[in-house]
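Naming follows writing order (A, B, C and D), and every chain is counted from residue 1.
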Amino acid sequence: MITTYTRKVVPPINMLFSRKYRHENTVIDIGGIQIGGERVVIMAGPCSVESRQQIIEIAQAVKKVKASMLRGGAFKARSSPYSFQGLGEQGLHFLAEARTATGLPIVTEVMSPSQVPLVAAYADILQVGARNMQNFPLLCSLGGIRKPVLLKRGMGNTLEELLLAAEYILSAGNHQVILCERGIRTYESATRNTLDINAIPVLKEMTHLPVIVDPSHAIGKAQFVTAIARSAIAAGADGLLVEVHTHPAKALSDGEQSLSPSMFATLMLEVERIAGALQRHI
Amino acid sequence: MITTYTRKVVPPINMLFSRKYRHENTVIDIGGIQIGGERVVIMAGPCSVESRQQIIEIAQAVKKVKASMLRGGAFKARSSPYSFQGLGEQGLHFLAEARTATGLPIVTEVMSPSQVPLVAAYADILQVGARNMQNFPLLCSLGGIRKPVLLKRGMGNTLEELLLAAEYILSAGNHQVILCERGIRTYESATRNTLDINAIPVLKEMTHLPVIVDPSHAIGKAQFVTAIARSAIAAGADGLLVEVHTHPAKALSDGEQSLSPSMFATLMLEVERIAGALQRHI
Amino acid sequence: MITTYTRKVVPPINMLFSRKYRHENTVIDIGGIQIGGERVVIMAGPCSVESRQQIIEIAQAVKKVKASMLRGGAFKARSSPYSFQGLGEQGLHFLAEARTATGLPIVTEVMSPSQVPLVAAYADILQVGARNMQNFPLLCSLGGIRKPVLLKRGMGNTLEELLLAAEYILSAGNHQVILCERGIRTYESATRNTLDINAIPVLKEMTHLPVIVDPSHAIGKAQFVTAIARSAIAAGADGLLVEVHTHPAKALSDGEQSLSPSMFATLMLEVERIAGALQRHI
Amino acid sequence: MITTYTRKVVPPINMLFSRKYRHENTVIDIGGIQIGGERVVIMAGPCSVESRQQIIEIAQAVKKVKASMLRGGAFKARSSPYSFQGLGEQGLHFLAEARTATGLPIVTEVMSPSQVPLVAAYADILQVGARNMQNFPLLCSLGGIRKPVLLKRGMGNTLEELLLAAEYILSAGNHQVILCERGIRTYESATRNTLDINAIPVLKEMTHLPVIVDPSHAIGKAQFVTAIARSAIAAGADGLLVEVHTHPAKALSDGEQSLSPSMFATLMLEVERIAGALQRHI
């Protein structure tokens, strides 16, 4: 028959990400919030930090319904150079104010090695976006810090490549890596991406690292996000990264997939019930 | 920018599958078992009927843990002409015996228009396999019978094409169609297919027809089937089609993805809990 | 690392399609036109036979610029039941009239086992469409006739599955099978499908059967068809299946991708030059 | 019907990459070699620079059969941190020596903004690899230099995204961008990637920028590279980027897809003939 093309990697006996290297789940603690344990951790907030008022308002809204962490982008990776590119350092500053106002730890994206010290000075978790999953100089830089890294799967990358990207960070000395499935590119055009729900149990078998899901990018339309969030937790995900905006129709990016606070409140209730059915809690 | 290629279909104002044509869920009753209502319907059994003893033994095993229906193939669509092609009419006869022995209604595949009368004489639900989703003469034949049809999504087909395939059956006069998501072809090679979990809420918005999931083909490895089954129910699926075999290692087809009776018992317990969290039951 | 999912097929030592079974190219002769030899065979015509006048007019137009065969659908596989479904037997009759008028052999699609005798009575080559590549009862029926079969690759099928589908026909006794690459489903939305040009040299290594390309479905927009046709011949294809219509804007199906006679004349000139560069001719 | 998910970009009236902004082809001159004009430009060399002797030997081999430029990686983007990562600055130095020895301009990859000045000091063309196509800080840095950039399409990226990535470089002030199609990720597993041959005519219609093809990554097996190279030129590509190694079996990376000098000589002869059929030359 046809010989399948095989990608050759010669691994050391045990990769650091592997369950063979470390059998028990890695649990990452961020100010008392544990990711990778029994708790299901919900990170919520806008795609982009747009203003001081916007981020504080959203932070308060998501905290009110028991979100654990605040997400929001200051440096934005946008397909077009003419789209809103984020507020940069000022955005980080606003995020820090929102943290002070609510107590929520913050997750925000870093896009290049030279931004790592700046972003690490503000963020509780540094996010690597899907487009940078194989930005190896960035991964190496993040291996040198002592803060957790949230690594999103690239939209055209395999699970093996995701794990090897994590290995770049782990082998450079940073053992706090959280994996995030956020949908892959397929031929289906009814949704923005196709959530690879299979990835959750497969990754949990392969690695001891926590695995979370971004249901917002995975489907791309707000009315479906809650159903997808439920399915992710049911499949065994350790948490969610959800886009919430107090005025989705006016969002500078990703408005179509952002939940209003009331939709997010429903998501939290339903996810809590699913988590409970699996002896987990939010 | 680049003009996206658009498939042109000129539909009548309201397709029969659409929520605009019929707002309430279609509920299909098979001997008192209702698909599309509150109940989550579990159809389980072997990929292929292999012998009288095998199918009765498996039917009893799945009934014991509360499966609602028995699945099993008598006519098998196999990629290679040298693979086991099923027992044909004798397989249908064994299925009927298993129904008599357990009371479970039976679901089995039909592959061509000329087989429709024969299969309809035995089956409670006639299944159209993924490879035949756009076998339009077959769909038209099935439009002429008065038994429910379980229509599986093709591995390279869009949701729109799945709905239009259902429309072939509906418009020919048979209103009892159950849709089944069973995984699509993507670049990811760690699993047999990629379950398109997004399809569940999208289809439930678009159509009043029941939507079920086949977690066995969707992931292709037995140890992951239960997690995927949980996620499907959490996303809102109306049921599951699961491969179960009393001796998976000896199965003539799909052994790698077949659950043993004890794994299936675990699946049933966990799915029941997820269903309960959504005010449904099995 | 992650274990790749492997599809298991236990083949007899040498499949009939394989170069190991038969080393030399299979050459299929249709009234003196040889497919699989030095000649590059161009089959052209409308997507659908629409009327007696239309098919004769188009047949004359494509013959004028040296097309070798006439294509046209009488039984049409359409995604929607409300789209034009073809003229059926009357369409076959019009095709036969066009053959009489021009001398061009005809290629036309067959959709179910029960249509095989009828279509075989008219056609010089029976085409299996992409949606029916794994319609195994149809393939078996075609194995029982003594006319060539043009087997199109399914839009979600692998090359291995295409070869195994051919094996169904070969192993049932019909050795005249022509393979046709017509584009696969990918995430790219700028074109109707993605032509898998890699398939040409890979198939030519694996099998002795002729391999042709359908550039019209592969890209879906008329202005690009000629470039794709050139690339197919340059890659080593044995022929082309091209959609041509005297009034593309009024075509009942596939008008967007149909060439006008003058565009087709350009295609023929350019393809002839590419063929010449590889010591082949049209 | 189902509403297709649409990516929203609000462009200024005419993007800089567009044929509407600039109708004539952009022709980029590198020491007298013009890319984007009548000439078909062949860039060849090893995946990685491995030693002084290796790169000079290969440079002489490809020059002998009329390659126009030398390719070779000093900074390598490898999926695993344990794979050979390139010789770094020493590799650039060896490339420069090979240029001195043969007169061939050099193409080599740059992976992060901080490497841009160093790589620009050595390279005649700076390459952005597929994994960095949407590394926006890198693209912005490259917009600030005055050397040509070869931008490879990401393996999961659309043509629209490729053009928008080019727009980042163009809008930052560097108008010398060469696009490179190198295969995309699909479900087909017989080849490393699937060359999107459709991309060539589609891009040539959309943009005035030169478009080349990397047949080596596109198919991943040496025995098929020449057929794919022919098809790329036949489709209208302005050049090729080909992996050649004097000892493919001993290559530190990509040996399976590297041509030996004699295979490359055959490629050059055949590509020259295809180019000639289209009134182009190498």
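Going forward, a contact is a pair of C-beta atoms (placed from the backbone, for glycine too) under 8 Å apart; a residue touches a chain by one contact, two chains touch by 3 or more.
Every value quoted in this text rests on a predicted model; they were computed, and no experiment measured them.
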item	value
From subunit B, the most remote chain by mean C-alpha position	D
Centre-of-Cα separation between subunit D and subunit C, whole angstrom	33
Mean-CA-position distance for subunit D and subunit B (Å)	46
Subunit D, residues touching no fewer than two other chains	2, 4, 9, 11, 156, 158-160, 184-187, 189-191, 202
Touch-based graph of the chains, sorted into line, ring, star, complete or other	complete
Touch list for subunit C against partner subunit D, complex	156, 158-160, 184, 186-191, 194-202, 205, 218-219, 223-224, 227-228, 230-236, 270, 273-274, 276-278
Residue ranges of subunit D touching subunit B (in the complex, touch as defined)	1-2, 4, 9, 11, 15, 156, 158-160, 163, 185-187, 189, 202, 206
Residues of subunit D that touch subunit A when the two form their complex	2-5, 7-12, 77-83, 111-115, 131-132, 134-138, 154-157, 160-161, 164-165, 167-168, 171-172, 184-185, 189-192, 220-221, 256
